[in-house]
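What follows is a structure written as C-alpha cells; I'll ask about it next.
Labels for the chains are A, B, C, D and E, by order of writing; each one numbers its residues from 1.
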Amino acid sequence: MLSTIVEQTVNGIVTGSVYAIVAVGMTMIFGVLRAINFAHGEYYMLGTFGAWFAIDYLGLSYEASIVVGVLATIVVAYVVGQLVMRRMVGAPAESGVLTTLGIALILQNTIILVFGGGYKFFAGGYIEPVSILGFSLAQQRILILVVCLLVFIGLELMVSYTRLGMAMRAVSQNVECCGVVGIDVPQVVLRTFMLGAGLAALSGVLTAPVNVSVYGGMGELITFKTLPIIIMGGLGNVRGTFVAAMILGVAESLVATYVGLQFRDTVGFATLILMLMWRPHGLFSTQARF
Amino acid sequence: MTAHLPLLEIKNLSKSYGAVKAVNDVSIHIDRGEIAGLIGPNGSGKSTFFDCSTGLAKPDAGTVVLDGQDITGWSLNRIAREGRMLRSFQKTVTFKSLDVEENLVIAGQMFTFPSIASTFGLGKMSRQRIEGLRERARELIKMAGLWDVRHQPAGNLSGGQQKLIQFASMLMPEPKLILLDEPMAGINPKIIERVVDTILYANKSLGVSLLVIEHNIDVVTSICRRVIVLDQGAKLVEGLPGDIIQDQRVREAYLGG
Amino acid sequence: MAGNSNLSIRDLRAGYGNLDILNGVELDVPAGQFVALMGPNGAGKSTLLKTLYGMTTIKQGNIDWRGKNIAGSKSRAILGEGISFVPQGRCNFPVMTVDENLQMAAYTLRDARVKADRDYVYDLFPILKTRRATLAGNMSGGEQQLLEVAMAVLQRPKVLLVDEPSVGLSPAAIGIVFDELLRLHADGMTILLVEQNTKKAMEVAERAVILRLGKVIWDGLPKDITHDELGELFLTGKMRGETEAVH
Amino acid sequence: MSLTETAQQVRRRDLRIPLAAVLIVVALAAPFIGSRYITHSLIIALIFMLPAHGLNLLVGYTGLLSLAQAAFFGIGAYTAGLLAVAYGTPFYVNLIAAGAVSGALALPLGIPALRLRSTSFVMCTLGFVIIGQAIAKNWISLTRGDMGLSGIPKPYFELGPLSFTVSGTTNFYYLALIIGILATFAVWAIVRSPAGRNMVAIRENETLAESLGVPTWHYKLIVFMISAVFAGIGGCLYAYYLTVVSPLTFQMYYSTTMLIIVLGGGAGMISGTVFGSLLFVGLTEALRITPELRMIAYGFSLLVLVFWFKNGFAPLINRFWNAIGGAK
Amino acid sequence: ADGTIKLGLVAPMSGPNARYGAFSMHGAELAVKDINDAGGVNGMKIELLNADSQGTPVEGVSAARRLIDQDGVDFIIGDVSSSVTLAIQPVAEDAEVLLLNAASSNPKITYQAGVGGFKWTYRNYPTDENRALIVAKYAAEQRGFTKFAVLSVDSDYGRSAIAFTKKYLPDFKGEILSEDYYKEGEVDFRSVLAKIRDNGAQAIIMYGLADTTPIVARQMVELGIAGKVTLIGNGEFNTEKTIKSAPSALEGAVEAAAWLPQFDSPESKAFVEKFTATYNEAPNNHAYVHWDTVNLLAAAIKQAGSADKVKVRDALSKIKYKSPVGEVTFDDHNQARLPMILLQIENGKPSIKGAYTADIQYPAN
C-alpha cells in the first residue's frame, strides 16, 4: 500500500518533469507577451517531428536527433517570432488568443500536409528499464528528470541574475517603461519566444522514446496540460511552474491509480479550480496594489 | 438626533504590510459639513488610511462608523452606494475608452437607480434618469474646463484632464462625504482656483463634507477648517491649519526646512 | 543662436495617429540650460516631451540634437544619444523591488560607476533605502515618484526630459528633488522640466516656455512674467493689454 | 466605444432604413435564393451566433474573456436532447429549459470563477469545458456516456389544441432566424440599458467602477448567467438541428469558434457578432474548396484578422452604416 | 453527368483526428484509382470528392450537405467518428443519398437503420458485440484466463466493447478487477499498469487506438509485466510496427480484427503491397475498410446495372459480396455480417486462430 503510493509519487514526479519543461517555456512567453500561447504544444510536436525526421530520414543517432529537433524548432520559432510575436507586444489578450490559435492551426496542419496525417513510430532513445529504489523505470525517464532539474536551475539563475532575465521580467511588467530605460522590447520578446519554443521542443524530443507515437495533432493535448500548470505556478513564475508541474504530475498519477484513468485529464483543471478557491492569484504570484 | 454625532468616526485603525506599519492605530472624526485636511510625508499612510476606510483594503484592526452605522468590512461599492461616502484615487484612473460625458454618467448611475434590476430597464423612467445625469454631467464638464474634449475618450486626455474627470465624478451623485486623494496634483493653477471654488460650493450649498489629502499646502490652508497630520502611519498632530504649519514637528517631518 | 544651440526644434507637428497635437513647435535649447515648460492642462507639454523621446507620430519638422536630426528615431536610440525621460504618471516596474528597479534604470550602462551612483541615490532619498526590498508597486504614490526621478538620474543623461516630478510629493520631498535638479544643472546637464507647480518651477528654471494648444506662446525669463500674467496666459493665451501673444 | 459613437450621431437623410429593409428581405428569402447547402450554412451561423452573443456580453462589454461557452452550450444541448428524447416535451419547453438550466448552473460555477481575474478566470472557464466533457462521458445513467443521445425528433410545438412540427431545412432556418432575431434584440436592449453602461465600466476599470458604487460582483455574475442562457439556447438549437448530442459537444473547438466569431466580428458591438458568425461560417465553408489547405488557410485568416483588422470588422461596418446615415 | 459516379468521402482530414482520416482517405483513393484504371464500373469512372469533418458533428454535417447539394453526390462514405456518422444519418435520409459507413462502431447506427428507421444508411463494419464475444470466449476457453483488467479507449468504441464484454464474461466465469479508460492522446499508463501488476489480473482487455498500443506495450516492459499479463481485445496488436515496439509485451496477445495485413488471401496481399508502394507506409485497418467499402459499392453498382441510387441501394441489401476476408451480406438493419478473424501473436508474428461470423441480437424497440 505504502509502496504503491511512493511508486506513484515517483511516477508523478517523472510526469511532472515533462510538464515542467514545456510549461516553463510557456510561462516565460506569457510573461513577456501577456498572451496565452495556444500554439505552445505545437513546438513540442515540431521538436518531436524534427527528431523523428532526423532518425528516420537522415539516419542520425538519437543524441543527434535531439539537437536537430530542438534547432529546427528554434528556427521555426525565429520565423514566427519575427513575423508575428514581435508585433503582439502590448496587444490586448484577445488578439493573443486569435493569433496563437491561428499559428497552432498553421503549424499543425502544415506538418499533416507535409508528413501525412497518420501516426509515426519513434525509434530512438533509451527505453531499457532499470531498477532504482525497488521500482523499475525506463532510463529515458531518469534522463528526463535530470534534464528537468538542470533546465530549472539554469533558468532560475538566468531570470534572477542575467540581463536577459531581468529584461524579461521588466517587459512583463511595463512595456512603456522599458522604452524609457532602453530595453529593446521586440528583441527580448523574440529571444524569450525562441527559448520557450526550444524548451518545448526539448521536452518533446526527450519524451518521444517513451511516448513512441508521433503525429501532427499531438501538440494540442500538451497545450491543455500546460495551461493549468502555468496558472497554478503564478504566471511568469519559473519556480512556481516547477512546483505546480510536480503537484499536477503527482495528483494525476494518484488519481489514475485510485480513481480511474478516465479522470486523469480532469485532474489538472479540478486541482487548479480548487487551488484558485484558496489562492485566487496562484500559488506563487506577486502582485502590486491598485 | 444624531446631529451631535460626527459624520464619520474612525477608531484605532491599523494596517500592516509585513514589517511596515502603514497605518498605526489612527483615530479621527469628520463633522457634518466640515472640510478636513489630511497631510503627511510621502509614505506616511494617508492613502492606505483611505483604502482601509472605504473598503478597498481590509484593516487589521479598528472600526469605521459612518453616520451612526458601523461600516467596517463593507465592500467598496456598498460604502459608496449605501453609505454615500465616495473616494477618489491618487493614481489617475478613468474609464479610458469612454468619453468624458459617459465617465460622469456612470459615476451617477448607481445613485439614481434604486436597484440592480432597474438598471436593466430601457423604459421612459430609465431614459429620464439618464437624461438628468447627462445634464448634470455637462455642468460639471464646463466647470472643469473640459467642454472642448467632452466627446474624447478619457484615455486620450492629458494627465491633468483625467485628474479633473476624477474630481468631477465625485460630484455627480450627491454624497454625504467625499474623500479626495490629491485632487490638485498636476492641475494648472488657474483650474486649481476653480476646483477650490467647486469644493467650497459643494460644501456650502450641497452640504457635502470632505476629507482631502493634498500636498499643496496653500490649498489645504485655504479650504480646511481642521488639518490632521500623519507621520509613519501614526497621527502626529491635529489642529487649525494656521497652527499646524507653525508646528515644529510638522515642519521637520513634512514641510522641510 | 541656432549655431551654438544644442537641441533645436523646428516646425514640429506631431501627435497620436492622425490627430495632431503639436502644431508647429519652435524651440532652441542651448546646452546646459534649465528650461521650464508650462501651460494649461492639455496644452501638449507631455506630448512635446514624448515626441522628443520618440514616442509619438511625427508628421513634420526637425529635432536637431548635436547636429543630427533625431525626429523619428526610436526611444532606445534617443536614449543612446544621451537623452533621458521621466514620463508623467507611473513608470516603474511594479513587481520588482526598488533595488531591481534602480538596476533596470542603468540597463544600458555597464560600468563600475553604476553601483556608486546607486549608493548616491540612496543617500539622496533615504526613504528609498529603507524600502529597497519593497516592490515598487506597493510603495506610496510619492515614494514611487521619487524612485522614478532617481531612475532617470542613474542614466547620467546629457539632456533630461522630466514631466511633472513634483506630483504627489510632500513639500519637503519637492525641495530635495528640485535641489537635485539644480545640482545636475550645475554639473552641466540640459533640463527640460514640465511643471504645473509654476511657483516652484519659476524659482529654479533659467527660462520659461509656455505652451498652449500645441504652440509656444511665450518664451522668456521667469522674472519677466508675474504669476497673474501667467494665469492669464494659461486661460486666454493672451496677456492683459496685449492683442497678440509674443513669439 | 459604441455607446459614445451613437450619442454623437445626428440623423439626416437616412439610407439605413432602406438598406435594413433590403437585408431583412434577403434574410427572409435566403432559402429561396441559395441552395439548401447555403441555407444549412446560415442555420449553423445562426446557431453559433447565440452563444457568441452571450460571449460578446462577457468579453466585449464586461471584459471577461471566457472559454466556458462550450460548456453551457453542451449543457443546453443535453438538457434539450434529454427532454426531447426521454419525455417528448415540445420544442419551446425544451428551449426554455435549456436556457434556464444553463443559466442556473452558471451561478454555482460563476461564483468561484468570477473571483479570479484575467488569465486565471480564462483557465477556470476552460476547466468547465473539460470537466463538463468528463461528466458527460462518465455520468452514464444520465447522459448515456459516449453513446450520446441520437434521434432527437424534429422541433415540435404544441399550443393548446394546435400542434405542428418544423421539418425540413427551410423551415428550420426560419425557426433559427426568429430565435436569432429575438436574441439579437435582447442583447441590444441589455447593452443600451444603464446596466450595459455599468458593464462597460467594469471592463474599463473594475476598481474604479466599484468605487463609484457599481456592485461589480453582482453584475459580473448576472452577465455570466445571461451569457450562459444564450449559450444554452444555442445548444438546444444545435441538438435539434444535428439530432445528435455527444460528449464531444463539450469541446474546446466550440469555445474557440465562438470567441473567433466575437473577436473577428468586433468585440463590444452587436453588429460585430452577427457579422462574425456569418464571416466564420462563410470562411470555413468557402475554404472547403481545398480540403488539404483548409485549416492552414483558416489559420492565416486569423492572423490577417488580428493584424489588419485590429478591432474586427464591426468598426468598418459601423463606419459604413454611419456614412449612409447622411452627413452629420 | 453521365459517365462518372460521384462518391463523397467524409473524414477528419485536419486537426488531431487527422491521424484517422489520413488512412481512410488513402484507402478510398487507392480503390477508386484501381477501379478507374480497370475501366470503371459499368464503363463509368468514379470521381472521389473529399470533405473534411474534423471529427466534429457540425463540420461533418456541413461536409455532407456540401457533397449532396453542391457537388450532387449520390453516395457518401463516412465518417470515422460515430457521433459524426449519427449526425449525417438524417441528412442522408432526408436527401435520399446512400450513406455507407466504414469505420464507426456505435451500435446505434444500425439499431436505427434498415427496419430500425433510416433506409439509406448501411454499415460495412463489424459491431463490437461479436468482437467482444469471441475475444472473451477465446481468452477463457483457450487461454484459461479468469481475472481481467480493463484498459480501453474512452470513446464509444472502447466503452461499448467493454459493455458487451461485461455482458458475456459471466458466461465464462471471468471477473473484472479494475476498469480504466484512457483519453485519446494519453501517453502515461504507468500508474494503471502498476495497479494491474498489483491486482493480479491475467489479461488486460484493451479495445484501443492503434497508436496507443505501442506506448502501453513499452510501459508494460518498463514495469516488468510484459510476458506476465496478456493483452486481449483489439488495437492493432498484430501490425509489425506495434510488435516491434515491445515484442515481449505483445507475445501471446489475442486480437479480434475485421482484417489484418497478414491475412492470407491474394486480394488482401495485393492491397497491402500496392498501398505500401503508393503511400510509403503499411495500411492499417481504417485504410482497409475504406478501400473495401469503395469496392463493395462498386460491386453493388455493377449488380444493380446502373448508378441509380435506389437501384444500388436495393442491390446492396441483397448483395453477396466477396471481400478479401470472406463473404459479406447485409441484415435487415443494413448491418454487414462480416467474418471476424481471431489471432494470437506467436513468436512475434500473428497467427490466425479462426474466423467467426455471428448475427446481431437487436434490442426490441
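The rule we apply is simple: a contact is a pair of C-beta atoms (placed from the backbone, for glycine too) under 8 Å apart; a residue touches a chain by one contact, two chains touch by 3 or more.
Molecules present, by chain and UniProt name: A, D = Branched-chain amino acid ABC transporter permease; B, C = ABC transporter ATP-binding protein.
Because the structure is predicted, anything quoted here is derived from the model rather than measured.
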item: Shortest walk length in steps over touching chains, chain A through to chain D; value: 1
item: Intersection of the contact lists for chain A and chain B; value: C, D
item: Intersection of the contact lists for chain C and chain D; value: A, B
item: From chain B, the most remote chain by mean C-alpha position; value: E
item: Longest centre-to-centre distance from chain D, chain (CA-based); value: C
item: Contact-richer chain pair [B-C vs A-C]; value: B-C
item: Averaged-CA centre spacing for the pair chain E and chain A, given as whole angstrom; value: 35
item: Rounded Å distance, chain B centre to chain D centre (Cα mean); value: 41
item: Mean-CA-position distance for chain E and chain B (Å); value: 72
item: Shared-contact residues (touching 2 or more other chains) in chain B; value: 56, 89, 91
item: Contacts with two or more other chains, residues of chain D listed in rising order; value: 137, 207, 292, 294-295
item: Multi-chain contact residues (two or more partners), chain E; value: 13-15, 154
item: Chain C partner contacts - residues on chain A that touch it in the complex; value: 163, 166-167, 169-170, 173-174, 176-177, 179-184, 286-289
item: List of chain B residues in touch with chain D within their complex; value: 54, 56, 75-78, 80-81, 86-89, 93-99, 101-102, 105-107, 109-111, 113, 116, 119-122, 126, 129-130, 151, 153, 169, 173
item: Of all residues in chain D, those that touch chain E in their complex; value: 35-37, 40-41, 44, 137, 145-148, 150-151, 168-169, 238, 242-244, 246, 248, 251, 253, 284-285, 288, 291-292, 294-295
item: Chain C to chain B touching residues, read off their complex; value: 16, 19, 39-43, 45-46, 88-90, 127, 131, 134, 138-143, 145-146, 164, 167-176, 196, 198, 227, 230-231, 234-235
item: Chain D contact footprint on chain E (complex, rising order); value: 13-15, 50-52, 54-59, 61-63, 65-66, 68-70, 81-83, 86-87, 89-90, 94, 106-108, 112, 117, 154-156, 158-160
